[in-house]
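Chain IDs A, B, C and D follow the sequence of writing; residue 1 opens each chain.
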Amino acid sequence: MLDLLKSRLTHGYQAIANPLKADIHPAFPGMPILAKSADLYCLNDICPVHAFSEQGLDLGKCTFCGLCSREHPEMISFSNDFKIAADTRDKLIIAPGELELSKIDFRLPRRFHHSLALRNVSAGGCNACEMELSASNNVNFDISRYGVEIVASPRHADALILTGPITANMTEALTETWQAITDPKYLILCGTCAISGGLFAESAAIDRAFLKHWEACLYIPGCPAHPLSIIYAITTIMGIS
Amino acid sequence: MINLVFILVFPLLFIGIIPKVKAIMVGRKGKPVLQSIRDFVKLLRKDEILSEHSTFISKIAPSLALVCTLVASLFVPFVSTHTLLGFVGDFILFVFLLSLAKGVMALAAMDCGSSFQGMGTSRELSFTAFLEPAFFLIMATLIFSVGSGSMAQIFAQQGILYLNIWDVFAGLFIAVALFIMLLVESARVPFDDPATHLELTMIHEVMVLDFSGFNLALINYTSALKMFIYSSLICHLILPVGSSILWYLILLILIYILVGMLESLVARFRMNRNLELVLVPLSIALLTLAALIAKNMGAW
Amino acid sequence: MSIGILLLILTIIPALWKRSGYFVILWVLGSAFLAFEYMEVLYSRSLQEFIITMSPPVGIVNIALNKLSAFFGVIFSLGLPLGMFYGHYYLKEHPTKDLCSHLFWLGLMGISMHCVLWIRHSLVFLMFWELMSLSSFFCVLNSKKENIQAGLNYLITMQIGAAFLIAGFVLTYLSSGTFDFSGFEDMNPIPMYLILIGFAFKAGVFPFASWLAQAHPVAPSHVSGIMSSMLIKTGFYGILLITSLNRFSLREIAAMTLIFCVSAFWAVSHLLFERNLKRALAFSSVENVGIAGMGLCAGLLGIHAHMPAMALLGFTGVFLHLFFHSIFKAHLFYTSGNIFLATASLDIDEMGALAKRMPYTALMALAGIMAISALPMTNGFISEFTIFKAVFETPDAALITYILPSLLILICLAFIGALGMIAFLRIYAILFLGAPRSSLSKSAKEQKLGNRLPVFFLTLAILITGIFPNIALRFVKPLLRWFDLDMQQFALLQSLSLKITYVYLIIILLSALLLVIRRLCIKEKIGSTWACAYPKVNPRMQSSSLTYIQPLAYFLKPITYKKCTHVKAQSAFPTNIEYHEEHPDALWDFIVKPATKVITRFFALFNRIHNGKTNSYIAWVLAFLVFALIWVVGFK
Amino acid sequence: MIVRYSKEDIEPQKLDIFLSDIREMLLCGFMPLAFFGTDEKLLYSLMGKNGDLRLLCCQFPNPFHYPSLSVEFPCFNTFERELHQQYGIVPINHPWLKNVRHNHQSSQEIEDYPFLRSKSKLIHEVGVGPVHAGVIEPGHFRFLMRGEIIEHLEIQLGYQYRGMSQLLCKGNLAHKMSLAECIAGDTVIGHGTAYCQIVESLSNTQSQAQDIRILLLEMERVAMHLSTLSSLAGDVAYIMGQNIFAAIRTFVINSTLSICGSRFGKRALCPGGVNYGLNSDQITRLSSEFEKYTRHIQNTSEALFSTTSLLSRFDDTGKLHTNDALRFGFTGISAKASGVPVDARTDYPDWQYPGFLVQTEISGDVYARAHLRYLEIMQSLQIILALLPTIKPHAPLLEPPSKLEPGKIAISIIESARGRIVHIAKSKDEYSALWYKVIDPSFVNWQALSLSVVGEQISDFPLCNKSFDLSYCGSDL
């Protein structure tokens, strides 16, 4: 009993005071800052997922691998701002010179302001996003303080949080889980693989037909998406400032 | 009438204390105390999905179970000891109403034809096989020491009279037996982990894996109410006769805190060990009764 | 009375012409007359008496009807026509080879059951008792080859019972000088025990109850329904007859409590593991007889300890339980008959999802199952409520000798109630809910109205007597007064049951309110069961009857006797895994079979004499004559 | 460990010589590290025995079948099933010839997967399907149950199949770093280092920052073991242990974040070196932090392993016998917990770990696996604390690899938290690989879970599953 007490004392109070205002180590690649004069075509050649287009850098495709910022530090650099999420797919595209993503204006109905139940489906995810999602409920980040909890059965859930590029074998299981969730239900895409298929977009084993039928209401980029970004995104759509 | 207000408002509020205590014990922020009320209100307005195998039982079971538990709680003394309904020997109807609620929920769980619910039901029902006799023995002991009457009168008079050493021991032993029954009935840690995510190890949650929306809200409320009933019975056992409402509320919160602390310090027991522990309230009640009888016979 | 019996005898004519329709109509008419007779005796006249004088050895045969036999008479006259009515439709679906003999024996069984209640003369009583056993044997046989073994076991057990009865009656005749039942007042113990054991054979008490579990599954459903709901009551009628006329010492009451508790436990432990529906119902009959017996012991304890409340509540519990048991047991047997007709199998592991295919039967079976597991709002609960209340009546000042038996009754009743509930919820869940486990249950269809009507009447009876217990209490009241028990306690009980009715009405009202709210403002969708999103969920993925009971089996291991064959996984890549388990009747395997083996081996010694050659027979006769001659002459 | 073969060293033998060689090696103690077919119709088998690596090769059998090896050597059964699924070669009388992972063309195939059936009615099946109740990857477990006792467990994987080997061979091999990091999201450094060593050996450039790679590898091992211990305590509802271990894991991965910006060590490595060097104050801060963690972990583990209610759950649950671990060729924690000292850091070392001894347990149950993880954490922390002062603070070493030499075969072996990772690749031309074979330790170890769970209660299965903590995407690729 003594060593339990000793370990508990050294453990102390671990919860981050306010995850929305926490700060991360500067080496963390958060919001990319595109210089106005950036040559998008040359950056696009370097990028393994070809995330650059005329409008700018598509955060949905970018895996934050940092190759471009190491080759051309003057054109593109990554700040450690973790507040990167969007409620429509094209809000994720950053034009050169933009300092932050446009605000998320989608809000869940009032009844979900203090209580939201998430059901996670990992459709081909490499287990990094899944571990970050379960870490968002651990002792430090503790998303359950806002009334969000990850439930066992889709029957009890309000939203399906999808990780992974939706492999062909998981399409049927994903559709069955989605149908098992009771209305009103929402779809959240967590991680670059879920949003655009990331590195596996061209692979033959991927089948993203599910996303054509159902519109997602929240996109959380990142490879893997940091727990603070997940908390920031979900609390914003719940209307908690 | 205050009891009715108590039954409707406090169960979901008090059940929020346990996750808060667990959070403080491990140094995290944890769910807010009102969270279970918020979840209840949200679930009430959500739609429902029923399995294609389900019959009429899945539709009526949660409502019938809630009503039976609600009516059973009308016999129980909460803050005031004269209850709405009460007649001599009403604890028999109380026990059978609770087992009707459990039986109907068991049938509803088996209704959707999946193996998890089957296992959950068989585990839950095998617990009742040992809890019913335990409760009857506890009532027999109380009647033996206090004399027969309605449930409210028995528990009201039983309160520990600090002058007579025997009542203190009898009251404490029975309180321990009731506490273990509380842990089993509301599926708390040593028997079943409410926060677990593993459907193969769940007992109570797996029975409600297939319920959604309105029915799920009713089921959560029923289990909260059951826990509230047992804890208020324990309070009346420990509190000396005629103590004020304040003491009652303090002791009630203390019991919920004790459950929360127990959850963070003890791991779950193995499934077949669970059943052995369910025998403990039965043996405690038997021993207390034997001791009281022996005392009455003037053995010492 | 005579018109009734005459009509019942007349039923033999349509039986011979295989007209089961007319047979039933005549039977209903006859029973109506008899019922009127019984009611009259029960409520108004104290006694109905006839005298028939026979030749000297028999003497005056006194045919009388007191309140006790009137009570059972009412049950028989209501239950038997319903059984015949169901039998008529059952036989139409599932015809027997020889309808004429079946109907004849059925009618004879009914008549003999009625006469057993009337006769007050032990020899004639024995005659009708034998007639009842024989006719029920032929009904069980139902002219099927495979029933022979079970039928013979049943017949032999009944004969052994009758032998005890004969011994008991002869001893009372020797001591009291008359064959009349009046000789049974405070007789000396040996004959009383013999008679009690004789009646216990028929009532199905522990050591002698194995025949029940063998006879019922093979008998056609209407016969097993009649047998277990009414035939067994004749045995209990005998026991009640003896207890009403004699005083019992405390040691005898304690012994009877022990026997009834052990009988109920033995039955429940088999009931939990049973996979054949009718065998399960047969074991539950033994269990319910045990529970009624416990009520009886509570009543006797009350009388012995001069606790009027306990005595009244105990006896009310007994009579209520016998009355209700005949209702819900008949209900469940006729439902199992309907299931057998729909799926042609009685093994519950092949069933599943019958509620979807037989909605009415499922709904009615739910009421039956709730009644037999004594859940509130059904009549099963009221009788157990009274017995529980009787046990809680022992005042704290009472002596240890009174507390121990009532404590034993309390614990056993609670355990058996809980285990019984689990067993029957398991049977209902596996039969009616979930997905169909085999092609048999998939192809099941709802039965015709004729089969469902008797079950409907019985469900109605369960619910009405359950929710308004005062009706049943008024039916039992004259009987209690006849047992001269304390009547204001009865008034207390009636006011109590009024309160229980209010509680039920509140429950029905509130749940109806909740269901209306749910229907109005909640949209329902039908989706597939959540099985972790695995696309192909097969019915084998439901829990089998073994899973349902394994946590409990871990505890009941010391008192269960099971044979299992288990093929484990041989290596990391097994090809075949098997597990079969059955729970044979330990009593039959360890007591009856060895006994019969010893007896047959003993008689085998005389085989040499029976060698079939006539000359050796003549030789033996000659030897005997010579010996007799020597005996008579030599020793004069 | 890096080994390089040029095309001339390996010439395809005859099939029967190939098989007899393999059988002979197996008899004298060799274990198969890899056994696979390639698109160039060649069958490769990599055999290893503490340090001594042999690569054998032979043509595809002409009538497309050959006598199966796994009848008497079960360690081949998963490899032969995969070979059968990919190239249709039939190993005759293989005991369990079913597809290892589902191929995506016929999605219908996953529905009538030939699970083992029992004819008796009392044995019922329990299917824990692809989408589990917790936040873990998809996989289907089919139990044959006698009441609550498990008679047989069959695991059906393939839901995470993303076609990784095809993606690795498409385009320039040197630019596949972020793809290699996604092979298994929780062993980023393990697979990343193996991929870098393959590219370096094929383009024969010498890796500069070997010491930083070892540091990150050991930090990842500590983080992985802490996460498993935390979820093991969580499965048994011991929330004190769960939360304290989760908090310590956050410390450890935050220090990885301070090195390379990602909690999982993504973007840290690149072929030829490391993207992020270490300056001196980073090194001093890291060593002080790791001293603090060592004490904290020691206290908590002693508390965890002395809680009686927890030990009663861990003790002899899910026992894996030693000879099963040996015969089936398991690696990593699953084998070491059953007394089989298999560790790539000693068998195939490419870095001298000062005074390194393989830690093993004997009882092979959940307690052994949990306690072994604690021992490995302490050992890795010692290695880190010993390694940190020796790291020379220098700027990020970035040296782009030159062209690959065509026709070379490179093998790289790394010991990750779960076990031995083996990467084998053959270069086609200066830029891309002809074929790239990845063998994750979970690919072999899934069989350990099925063996250890027979006879257990089903309520103990999640505990056994989490005690092995195997990767679904690692084995599905």
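FYI, a contact is a pair of C-beta atoms (placed from the backbone, for glycine too) under 8 Å apart; a residue touches a chain by one contact, two chains touch by 3 or more.
On a predicted model such as this, the values are computed, not experimentally measured, just so you know.
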item: A-B against A-C, pair bridged by the larger set of C-beta contacts; value: A-B
item: Chain centre separation (subunit A, subunit B; CA means) in Å; value: 41
item: Geometric centre distance via CA averages, subunit C-subunit A, whole Å; value: 67
item: Subunit B and subunit C, separation of their C-alpha mean positions in angstrom; value: 36
item: Chain centre separation in whole Å, for subunit D relative to subunit A (CA means); value: 27
item: Subunit A: positions in contact with at least two other chains; value: 8, 11, 14, 121, 139-140, 150, 152-155, 172-173, 177, 180, 182-183
item: Where subunit D touches two or more other chains, by residue; value: 110, 124-135, 145, 148, 240, 243-244, 247, 307
item: Residues within subunit C bordering two or more other chains; value: 523, 525, 527-528, 530-535, 537, 541-543, 547, 549-551
item: Pairwise touch network: line, ring, star, complete, or other; value: complete
item: Subunit A-facing residues of subunit D, complex; value: 102, 104, 107, 110, 129-131, 133-138, 158-163, 166-167, 175, 177-179, 182-186, 188, 227, 230, 240, 243-244, 246-247, 250, 254, 257-264, 266-267, 275-276, 295-296, 299-300, 302-303, 306-307, 398, 471-473
item: Of all residues in subunit A, those that touch subunit B in their complex; value: 8, 11-15, 111-112, 114-115, 117, 139-140, 142, 144-145, 147, 149-150, 152-153, 155-156, 158, 180, 182-184
item: Interfacial residue positions of subunit B with respect to subunit A in the complex; value: 26-32, 34-35, 38-39, 41-42, 45-49, 196-197, 199, 202, 205, 209-213, 216
item: Complex contact set, residues of subunit A against subunit C; value: 121, 153-155, 172-174, 176-177, 179-180, 182-183
item: Sites on subunit B touched by subunit C in the complex; value: 47-53, 55-57, 59-60, 63-64, 66-68, 70-71, 85, 87-89, 92-93, 96-97, 99-100, 103, 106-107, 110-115, 117-119, 121-123, 125-126, 128-130, 132-133, 136-137, 139-140, 143-145, 147-148, 199, 209-210, 213-215, 218, 271-272, 275, 289, 293, 296-297
